[in-house]
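Pasting the structures in now, so scroll down.
The two complexes that follow have subunit A in common; it is paired with subunit B in the first and with subunit C in the second.
For the complex of A and B:
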């Protein structure tokens, strides 16, 4: 809220005006959530199942085309969802503009890096399995 | 921004314990938030004994009993005393509500605390500063906007379209919902809050209003609208039984509808 006693209430309430954005993130958060409704149960079931066969069994499982595709999709949906969710948390809790911008950038970097790591690891197993 | 503790000058200290009314047999203790800008120091909790046989049936009656019989300096807003004006909104036993429609029989046992609506500047005692709340209500332009010249007699509306306004028009702007919302506490300077958004939806859904697109434009914002995280405190506390969270969800639905 404006501290300046000469700022009118209307000026404070209007602020910088409407950003005319937010709907796309709202939609993407829900779409990734819907994707995860299917992907996460599959992921949990498969990982528990695959872990029974030890390290070699898990590597073999992750190298199968359908498993690899679904694993990458799961990571994609989860990290995209996480990026939007974390952004909302940061915006909620961090008021200082500088700190907030820095954390928002860090959030994007971290989520993209995590996705790239998972995706490339799975691809390596998949392509490695073919070779 | 999030504040998990009260600022230094807002910490509530121990106040005065007022004497018991004489000859009363049915006593109940109330802990009331007191703050006066004219006096130095932090706010305090004053303890009052109230003769429940003489105080009436509602919390507003208790406050009037205290003001008339014990402590005339107690300040609070009230007007209609029947749940229409929204003036006597305050936090009673931990829940935001209006004092005039909250009966004793609905209260938990023990000492009942009464404090102003949370997370607003306090003018005095139970009177919060609602300036920003009203400015946010004004922001949503709560009036009919049209480009078609006004008809000679009246703007007509079908019965079905009129029914859409049920559950929206009843809002009395008491601010119970907005001040119960953590998102509004943390970002109330930018987030419009449930009350203003319920009113925004009341005009968005009005079949006679021709400014729907412009209204949506003014709301589409990560803070003004999308700070609602469906915590639902608003719906839980509304003394009129309305559901601002549902209205906000419908605004979001309209936003999605116009891009897809």
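For the complex of A and C:
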């Protein structure tokens, strides 16, 4: 600390360097987007197909290994993408620090809770399906 | 930082005085709006899977909600939002990655296309579902 008294604030800031993580959310948002370019068309087609077959048909559909795996992958990409998207909107429009922090935390909780809920529901249907 | 050269010339923020409404601006706002709408629409999709996993009794409670007129309207609007966000999102990937489609005429045309695609494809999908 003592040494810092003799260097200018700009010099101190340069010495700290960048964390090299400034673009991580930007990149993750695009990587999850690329995944969903393939997953979302499958999801739409598949869900529409399954939802027309009533309860038994839908349970059978979700219990098939490939459907279960793709459902969990879709949910993972979607909730990650959603979390970053909502975070950016909160950061853009909510100025008050307390409200902003509360909403950012709520956003993380909601997305992670939704992912866990969906993933476990799909796992239950998969494991519960007749082999 | 004198003497540093930018690798390529970067776009400047438009000045408020010369701002005008244009297709890419609407598409950008719609992209964000549909993103927010889908955030809450996803709760409904998640509820469907939870009801499915919870057994026939839970599904019997949930099914009438999603089959009701308001439920069907929400699902239709959700389809429009997903398809717009998907089409417009693919355009953003082409912008960000290979830098394709940046010139104003193409960008505007793609914006209009994304709206038309979202609406027509949603109507087509729902026509197939409801007529099946």
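Brief remarks follow.
The rule we apply is simple: the second predicted complex is superposed on the first by the 108 of 131 C-alpha atoms of A that agree within 3 Å, B and C clash if a C-alpha of one lies under 4 Å from a C-alpha of the other, contacts with A are read in each partner's own complex, and residues count from 1 in each chain.
The working rule: a contact is a pair of C-beta atoms (placed from the backbone, for glycine too) under 8 Å apart; a residue touches a chain by one contact, two chains touch by 3 or more.
What you see is a predicted model, and the numbers here were worked out from it, not measured in a lab.
In the superposition on chain A, A:24 makes contact with subunit B only, while subunit C stays out of contact range. Judged by the touch definition given at the top, the superposed model places A:6 against neither subunit B nor subunit C.
By the touch criterion defined above, A:14 lies against subunit B but remains apart from subunit C after alignment on the C-alpha atoms of chain A. Residue contacts after overlaying the shared chain place A:44 against subunit C, while subunit B stays out of touching range.
In the superposition on chain A, contact is made by A:58 with subunit C only, not with subunit B.
Contact with neither subunit B nor subunit C is seen for A:66 once the two complexes are overlaid on the shared chain. Applying the stated touch rule to the two superposed structures, the subunit B and subunit C interfaces on subunit A have no residue in common. Subunit C makes touch with subunit A in their complex at residues 32, 35-36, 38-39, 42-43, 45-46, 48-50, 52-54, 56, 59-60, 63, 79, 82, 86, 89-90, 92-93, 96, 125, 128-129, 132. Every residue of subunit A that touches subunit B in the complex is listed here, in rising order: 1, 9-10, 12-15, 17-27, 88, 91-96.
By the touch criterion stated above, subunit B contacts subunit A in their complex at residues 1-2, 131-132, 134-136, 138-139, 183, 186-190, 217-227, 229, 252, 255-256, 259-260. For subunit A in complex with subunit C, the touching residues are 30, 33-34, 36-37, 40-41, 44, 47-48, 51-52, 55, 58-59, 62, 71, 78-79, 82, 85-86, 89, 114, 117-118, 120-122, 124-125.
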